[in-house]
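For clarity, chains are labelled A, B and C in written order, and residue numbers in each chain start from 1.
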Amino acid sequence: MAFVVRRLLMLVPVAIGVTIVVFFMIHLIPGDPARTILGIHATPKRIAILHRQWGLNRPLVSQYWLFMDRLLHGNLGQSLYYGVPAAGLIISRLPPTLWLIVYAAVIAVAVSVPLAMIAATRKDAVRDHVVRAVPLLGLGMPPFWVGILLVYALAIKVHAFPVSGYGKGFAGHLHAMFLPALTVAIALAPVVIRSLRASMLNVLGAEYITTARSKGVPGPRLFLRHVLRNAVIPAVTVLGINIGYLIGGTVIIESIFAIPGIGQLMINSIFQRDFPVVQGVTLVFGVLVVLVNLLADLSYAALDPRVRFDR
Amino acid sequence: MSAISFPEPALAAQAEEHAQPRARRWYRQPALASGAILLALIVAAAIAAPLLTPYNPIKQNLGASLLGPSAHHLLGTDQTGRDTFARLLYGLRTDLRIAFIAVLLPFCIGTILGSIAGYFGGWVDAVLMRLVDIVVAFPFYVLIIALVFVLGPGQRSIYIAITLVGWVSYARIIRGEILVAKRQDYVLAARSGGLSAVRIIGRHLLPNVITQAIIYAMSDIVQDILAIVTLGYFGLGVPAPTPDLGSMINDGQNFLTTHWQLTTFPGLAVVVVGLSLSLIGDGLADLIRPGQS
Amino acid sequence: MTHRYFVRKALISVGALIVLAGCGSGGSGGSTGATSGPVRGGNLIFAAVQDAQSMNNTTVFDNNSIWIFEQIFQTLYTVTNDGKGVRPQLATSYTISPDKKTYTFKLRPGVKFSDGKPMTSADVKFSIDQNRKAAQGWAYLDSAIKSVDDPSPDTVVIHLKFPWAPLLADLSIFANGIVPNNYAGQTETQFYTHPIGTGPFKWGFWHKGQALKLVRNTNYWQKGLPYLNSITWTDVANDNTRQLQLKAGQAQIDQFPAWSTVSSLKSTSGVNMHLFNSTQTNYLAFNELRKPFADVHVRRAISLAIDRNALVKAVLFGNGKPANSLFPPQVPFYQASTPGLQFNLTQAKAEMAKSTVPHGFTTTIIVPAGNSDYVTIATILQSELKPLGIKLKITQLDPNVANNDEQTLKYDMVLTLWTMDIPDPDELATFAVDPSSGAKSFFTDYKNPTVIKDTHLAETTTAPAKRQQYYNVVQADAAKDAFMAYLYYSPYPYATTSKVHGFYVTPLGNMHMEDVWLSK
C-alpha cells in the first residue's frame, strides 16, 4: 500500500512537468492560428482582432497560468479553429481511438498466445525457430505501409472490408476497424510473442511445473492451468510498457484509415495551430500512458516483490 | 510505430558472465551472422549506389514517367520519370545514414545520464527519473511529430527530435543494470579502495552493462528508420527532392492499383533493413545470455 | 456499353436539361420512374478534403465551409453557371438611379426561411449590415455601401458612397447571404451553431472532424426541390482513401482526386470524372524587396524560362492550360490575347544578359511541406532555371509558416494561387496589383502606377466596354512587368459515382446541390 501511495505521489511532479512541456512545446511551434483561419486574407488588422479575441496577445507565462487555472477547473479552453470547447471535441473523438487500441491489443494477444505456446512447448524445434524468426520481419515493417498493402489486398482486390472509416454500431466497428486494428497488431505482436515465449519457457522450467508433471497432470491441462495463466500476465505487462508506442501508432494509423479519433484530431490541430486542442489531446495521451504504466507497474510489483525496492 | 521490448536486467547471467570467457564466437551464432551479412550487403549496396545504377535519383525525365519495370528501369520510373531503383538505393543511403547518426546521440546521452542516476542514486536519480517519466508520458510519435513541427522540417530536426525522445530508454536500461551491478563484490571493493566515481563507472561498470544498451540500440535503429520513413511519408521528413523511402511510398500510393511496385519495394527495403538489424540484436542477446535463448 | 445503357443515358440528360430550364419555376412534380428523370430522395455522401471550419458566412474564408453553408444561405443575386455574370435569386429585379448611386431591389415573393418564417426586407437589411460590420471578415467587399434601407417588406434600397460597378457581383458573395433578422432572437454565436437560411437544405448535425449533415428544407421556395433527402460531408484528407471510398460506394462524390489518378478514374466503370472550369490560377511570386527580383529583367527571364506545358503535363497530368494573364479565362474582362510571357529560352537568356546579374545567382523557393504538387513544380523549376545560371534551393516549410513568410515578404520566390469569390475581376485586381491594399500586391511589393490607376478606374466606371479597356491595360502591363510568373489554369476535379446526376460546380466553386439527384 505504501508503494502505491509513493508511486501516486511521484506522479505529481510528472504531471506538472507534462503540462509545462505540452504548453510550451505547442506554443514553440512556429506559425499562427490566425493565419490558418484567414488564409490569404490575413491582414495585420484581422490578425490583431483574432489575437485579442483569443488572448494570444498576452505574455506566454500568463497564458500558461490561465491554462493551468482552467485545467484545474476541468476546462481545456476553446478550440481556436472551431470556436467550441476543446474538451467536447476531444471527448467526441475519443471512442474510435480507444476502440482501435483495445481491438489491436486483443488481436495481438490472440495471435501471440498460441504462437508463443507452439514455440515454447518445443524449444529449438523447427517450429520454434519459425515462430522466432517471423516476428523479426514484423519488427521492421512501417505500419503505414502495412496498412496500405492490407487495404489493397483485403479491401480493394477482395471486398472483405471497407477501405476506411469507423463503421456504425458494435458489429460495424468490429468490421470497419478490423484492418486498422490488424495493422497495429502486426506491429505489436512480434514483441508480445517474443516476451511471451521467454516467460513461458521460464514457467515451464519452474519447479512447480516439474512437480506437476511428475505427478502426472496431463499436458494440455497443465499448460492451461499453470503455464498460460502465469505467462499471460508478463505479456500484458509488455503491452503496458508498449502503450506509448501503441497510442502513438494510432496517430498514424488513424490518418491512413480516415478514423475520426484523437490522433487525427491532434495532427489536424497541429496543422491548424489550434493550441488548446493540441494541448488537450497531448494531455489525454499523457494521462493514458501514465495510467497504463502505473497499472503495469503495480501488477508487476504484485507479481514480484523485489521490484518495490530496486526500481 | 514500432513496439520495443526493454531487455530485462540480466541479473544472474550477467554476474556469471563477468568471470567466464565468451562461450561462442560471433560467427557461430546463426542469427548474428546472417544479420551481419545481410546488413553488410545492404550498406554496401547503398554506398555503391552510383556503381549499381547509371541513373541520377533526382534528375527528372518527364517524357519517361510511370514506366513499368524493364531491363532499363529495373523497378520502372515514377511520376516525374525518375528511376525507382536508383531512388531506392539512394533513399536507403539517406535513411540509413540518418538513422545511424540519429542513434548515436541518444545512446551516448542516455548512457551517461543513466550511469549517473544509477550510481549516485538519491536526488540526482530522482530528478533524472522524473524527467524520464515526463518524456515517457508522451507517445513516441506524438512527441516526435510535435518536435519536428517545432523545429521545422529537415534532417537537423530529425536528429534533435530523436535524441530528445530516445535518450530515456538508454538511461533507463543503463540505470537498471548499474543498480544491480554496483552491489557486486568487485565494485564494492573498488569503491572501498577509493577509486573515483568516474573511474568506477568507466572502467568497471560500463563495460559490463553497455552490452544491454547495444542490444537495445539495434532495435532502436530499426525504430528510428521507421520514424524517419514515417515522417517522410507525412511530408515532414527529408525535404524533396532528396530520395527517401517514406516519401517514395507516399508518392507511389496514388498509383497503387496501376503501379504497385512504386509503393511495395521501398517498404520491402525497410523491412529487410529492419530484419538484418533485429537479427543482429537477437544474436547479440543470445551470445551474451546463452542460457536464456 | 449496351444499347439500353445509351437510351437511359440520353433520357437522363434530357431530364437534367428540363431541370435546368425549369429552374425557378419548379421541377417536374410527377416524375414517372427511376430511369426517366430526376428521382426524389436519397442520402448523398460527399467525401471532402477537409472539414468545415465555421458556418459564419461573414467571417469565414475557408472554401470547405463556404461550399457547405451556400446550401443554407442564399443571396439576392447569384453567379451564373459560366461564372461570368449574375442571375436573380432571392431578388427578382432591380433599378438604378441616374447618378448610379442608389439600387432598388424587389424581393422574390413567397420565400421562407427553413423555420417557416417569411423572408422580408428587414432580414436583408440586417444581413448586409452584419457583413458590413465584420471587420475580420468580408466587410471590405461592401465598403462602397453607404446604407441599406427597407422601405417596404418586399423592397430593399442600397445607397452607395460612389458609383460602384461590381455591386451586384459583391452582393452575390455568400458573405451577403440572407439570415433572419436579429439572428431569429439568438446571439451570433448561438445562431451559427445551427444556422437558419432560405436555401434548399437546412441544418442537420456537425460532428467536427467527422461529418456534417444537412437535410432537405421542406419550406424551400423552388417547388419540388431539392431532390435529395440529405447530404453528408465527410472529412477524408487522404486522396487515396477518398477515391477508395468512392469506388467502394461508401461515398458518392470524391472532391479533388489526385491529378495523377484522373485519367484512370475517367476509364473506371461506375465513376464519372468531372473537370469543371474553375478560376484557379497558379502563380510563381517574386519578392521585389529582395535583391535581384526588383530587376524586371530577372523576373522576365525566369518567367520566360518556364515551360508551362511541361508543368501542366507533370503536375496536372495534362488537365489544365498554361496561364497567359493575371486573370483566369472564367472571369469577365479576361483578355485572351494578352500574350503573357511564354516559354522561350533564347529570349530568357537575352533578358538575363540585360539584367544586373547576367551570370546568374543563388536563390530559394518556399514550398509548403507535404504539398506534392508544389514540390513537383519546384523541382521542375530547379532544372529549368539552371540554364540561366540560377541555382534554386527548395525550402520546405510547414504550410502555416510558409504562409507567414509569404505574407510578411520573407521569401525570394514562392508558389501561390488564387480562386475568385465574386464574378468580377475587381477583388483579384486590387489584391494583386495595389500595394496599398492589405495584400501588398499579392505580397510581392509590385508597384506600377498605370496599373494601379486603371484598376481603380475600372471600379467606378460602369460601362462594360470602358472597363474592358482598363482591364486590358492592367493585364498587358502586369504581364510585361512579370511581377509574378503566371503558371497554369486548372479545373476543379470531382469524381462521382455514375448514380449522381445534375452535379455541377461553377467556376467560383458554388454548387447547386438542389439540382442533384441519385438514381437507384
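The working rule: a residue touches a chain if its C-beta (ideal position, glycine included) is under 8 Å from a C-beta of that chain, and two chains touch if they have at least 3 such contacts.
Predicted, not measured: the structure shown is a model, and the values here were computed from it.
Taking each chain's centre as the mean of its C-alpha atoms, the one that lies farthest from the centre of chain C is B.
Put simply, the chain closest to the centre of the protein, by Cα centroids, is A.
One inter-chain figure worth recording: chain A and chain C are separated by 41 Å, centre to centre, where each centre is the mean of the chain's CA atoms.
Separating the centre of chain B from that of chain C, both taken as means of CA atoms, is a distance of 47 Å. Chain B has its Cα centroid 21 Å from the Cα centroid of chain A.
Residues of chain A found to touch two or more other chains are 30, 148, 156, 255. In chain C, 240, 398, 401 are the positions where the chain touches two or more neighbouring chains simultaneously.
Multi-chain contact residues, meaning those touching two or more other chains, occur in chain B at positions 149, 152, 234, 253, 256-257. The part of chain B that touches chain C in the complex is made up of residues 58-60, 62, 65, 79-80, 149, 152-154, 234-236, 239-241, 250-251, 253-258.
The residues of chain B lying in touch with chain A in their complex are 1-6, 130-131, 133-134, 136-147, 149-150, 152, 176, 179-180, 219, 222, 225-226, 229-230, 233-234, 246, 249, 253, 256-257, 260, 263-264, 266-267, 270-275, 277-279, 282, 292.
Touching chain B in their complex are the following residues of chain A: 10, 13-14, 17-18, 21, 25-26, 28-30, 132, 136-137, 139-145, 148-149, 152, 156, 184, 187-188, 190-192, 194-195, 198, 238, 241-242, 244-249, 251-253, 255, 266-267, 270, 278, 282, 285-286, 289-290, 293, 310-311. Per the touch definition, chain C reaches chain A in the complex via residues 51, 53-54, 60-62, 135-136, 189, 193, 207-210, 235-238, 240-241, 244-245, 247-248, 250, 398-401, 403-404, 407, 416, 418, 438-439.
On the side of chain C, the complex with chain B involves touching residues 239-240, 258, 260-261, 264, 310, 313-314, 367, 369-372, 375-376, 378-380, 382-383, 394-398, 401.
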